[in-house]
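Next come the structures, one after another.
First chain A sits with chain B, and in the next complex the same chain sits with chain C.
This part shows the complex of A and B:
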């Protein structure tokens, strides 16, 4: 499959802090990929390297086979949407759409105006007067209507209320179905966006912890809950992603999903509840330094 | 609708929804099935996930592909789905029911009464 983005040994250090650490991966074209990771995992740095806003300190990044840094051909084919997008102060929202539309080849002005109206944004308003959530909404509209072959969203939903977020995900999916493109999307709200994703890339301290299809992530682990001995017996010697004591006798474990349907049924017979582990929770467990989460801090005392 | 929190993957839920459409007669033999893009739009899911659901049906021969035209319901797909569901879903549900009854100390007779009651209720709703 054709890669839209290709990183090989990509490294970015700020002084002695290594934000992106020898990262290699290929982002397939015309898929929606979610970039997930804790605060400080390196998500924004990675997206800025891909957008050509930052130059790597090691390795390479290629966007449509070209180096994105200082490259106008790459800039014309990608849009980077975040809450810090700078918009000209002298133009109102309607004028900004006109101006932006002139830059992007596939820009759909009718869609942009339609979304502006739907989200109750007055075209005569100024960007600097918008609330945080409305700013995000406007930037998101620009990001969708630009229809760039590579569309990057960095935490695009900051400040948006739940209804707007839902509409945004649906608008993005609907436009993607009509006009497939490569979408790279960082978010802390994985549960909200997971259904529209093809793949998930989980970043942990500048390294790739997991990169697979969303469906595979959802089947990656199971939760086992019940009497401590019964749960431990079923888990056997398998790796434990997360453990939580529930009262004096009960235990909740998250382990790799290597069980057959018969084994899971047998577990249920022994009173062990088997549950799915939401992708968002799994990503938290996989990148946690403490197996018991925040409880570890309190249990120490 | 689909349930994102379920242990059943979304693409399996899509396949099951399509099966139910066939079973209900909403999709008849040799009729065109929804495309992956229609399903993606309907359920607000990624088109690759929708395609995976369609492929489950194709692998079981419940739908067939016409090049360039899409997927169509195989003849007698409804009957095959019915038999498959009895063998898999109904048996599994019965097992769960028996297990929960065991945990709650419900006797065999009580459980059978409950099932008979539910059976009558379901029939009534169907007649209405």
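This part shows the complex of A and C:
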């Protein structure tokens, strides 16, 4: 399949801070990919590079096989939604939708007006008068109704309450199914969005830590819990993603899932509990600097 | 989803129409400013008088210059603000640097035409008001031959364009680096100061202004303004090619 976005050796530095570090990946077309990472992992920088807002320091980024920087053709096929979208102050929400619609060939005005009404946004209100969550909601409506072949959401749910977030995910998914497009979606709330995702790209300090389908992420690691010696014996010398002492004798380890059915069965017989690791937890473990989490800081003292 | 094909002129045209909508308030500011200029002009710009035991007379000079000056200040501010907002606003939707500049140039041109026409008509309104206010028999100089009026409007438009392009250039420099906000006025005033200190007069500035102001041929005036404006926009387009958006 043709890639919608292709990065190779992509690097972006701000002074001495390297935000994106030699990143290479291909984003397949017509899938919803989640961009996950801790604060400061480089998510927004990566998305801005793809949107052509920033110019790479090294390497290249291609969107629909073209360099997005200063490219009107890429811009016409892409929308970047976040909570800092500048909306004209002189127009009210209804007028903004009218005006913005003129820019996008696939713009669905009925959908935009319908969503506006559903989310209780008064078309005569002004954008600068909206609350944080309502601003995000309005920007999201613009993002969905624009129906751009590449739709980028950078933390789009800032300030939205749980009910609105749920509706938003559902609206995005419904419209996506009718009009498939490439969606690149950064969020902290992996648990919430994982239902609509196809793939997950985990970014850590500007590098790609993990990039695979959502289902593969679920199988990627396994949690082992039981008596310390038994757990350690099963884990053997394999890489440890996360380690937590549970009381004086018990241990919980998260390790790569490279075990056969028999090995897991044998482990259970020795009293070791084998459990799946939720994707969100796994992402936290993979990007943690301390294998024991925040507890490490306290245990040292 | 199939890709949309587009071109810079097509996008620039959409952006231009978008800008005429979202910056409509600029026109209200213009009219308010010109009205203020009109009111200030009514008081007159200069007086002289003479009186003896039997006769006292006073001459009040009234001119529309204040309206023009205020209009030019407006044009500068519009150009400056446009430079400050346009990348932030344009790149939220479809844009590249060139289309953004083209739509801005078209917008400034439109603004200059409106400003030039209204400023000239404001001058006429002033004459009428003065006539109504002071009365008089000899309406000497009230009538402006159509060709002179057209020439005046033409010149006013070019001045407005020149000044707004200057504001745009300055605004874009400031976008490039905040330092220019101090640097440009600092250098200008510094150079003037040095010149005045050494030679006793500010020839550089006067020459620059006279280069435009003292041109008696409409055609040559047009060519001078055209070249200056093209040079300004070319500079802006050139140095903003690698400028990043929303850092």
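Some notes on this structure:
Convention: the second predicted complex is superposed on the first by the 301 of 301 C-alpha atoms of A that agree within 3 Å, B and C clash if a C-alpha of one lies under 4 Å from a C-alpha of the other, contacts with A are read in each partner's own complex, and residues count from 1 in each chain.
Heads up, the rule we're going with is that a contact is a pair of C-beta atoms (placed from the backbone, for glycine too) under 8 Å apart; a residue touches a chain by one contact, two chains touch by 3 or more.
Bear in mind the structure is a predicted one, so any value in this text is a computation, not a measurement.
In the superposition on chain A, A:31 makes contact with chain B only, while chain C stays out of contact range. With both structures placed on the common chain, the touch criterion links A:3 to neither chain B nor chain C.
In the superposition on chain A, contact is made by A:70 with chain C only, not with chain B.
When the two structures are aligned on the shared chain, A:102 is found in touch with chain C, with no touch to chain B. In the superposition on chain A, A:181 makes contact with chain C only, while chain B stays out of contact range. Of the two partner chains placed around the shared chain by superposition, chain B is the only one that A:198 touches, whereas chain C remains out of contact. Of the two partner chains, chain B is the only one touched by A:219; chain C is not. Of the two partner chains placed by superposition, A:210 touches none, neither chain B nor chain C.
For chain A, the partner with contacts to more residues, out of chain B and chain C, is C. When the two complexes are overlaid on their common chain A, residue A:48 makes contact with chain C while staying clear of chain B.
By the touch criterion stated above, chain A contacts chain B in their complex at residues 31-32, 169-170, 173-174, 177, 191, 194-198, 213-215, 218-219, 222, 265, 268-269, 271, 274-276, 278.
On chain A, the positions that touch chain C within their shared complex are 30, 48, 52-55, 64, 70-73, 75-77, 79-80, 84-91, 95, 99-100, 102-106, 147, 149, 179-181. If you check the complex, the residues on chain B that touch chain A are 2, 4-7, 9-11, 37, 40-41, 43-49, 52, 95-96, 99, 103.
Interface residues of chain C facing chain A in the complex, by the touch rule stated above, are 1-8, 11, 14, 17-18, 21-25, 85, 88-89, 91-99, 241-242, 244-247.
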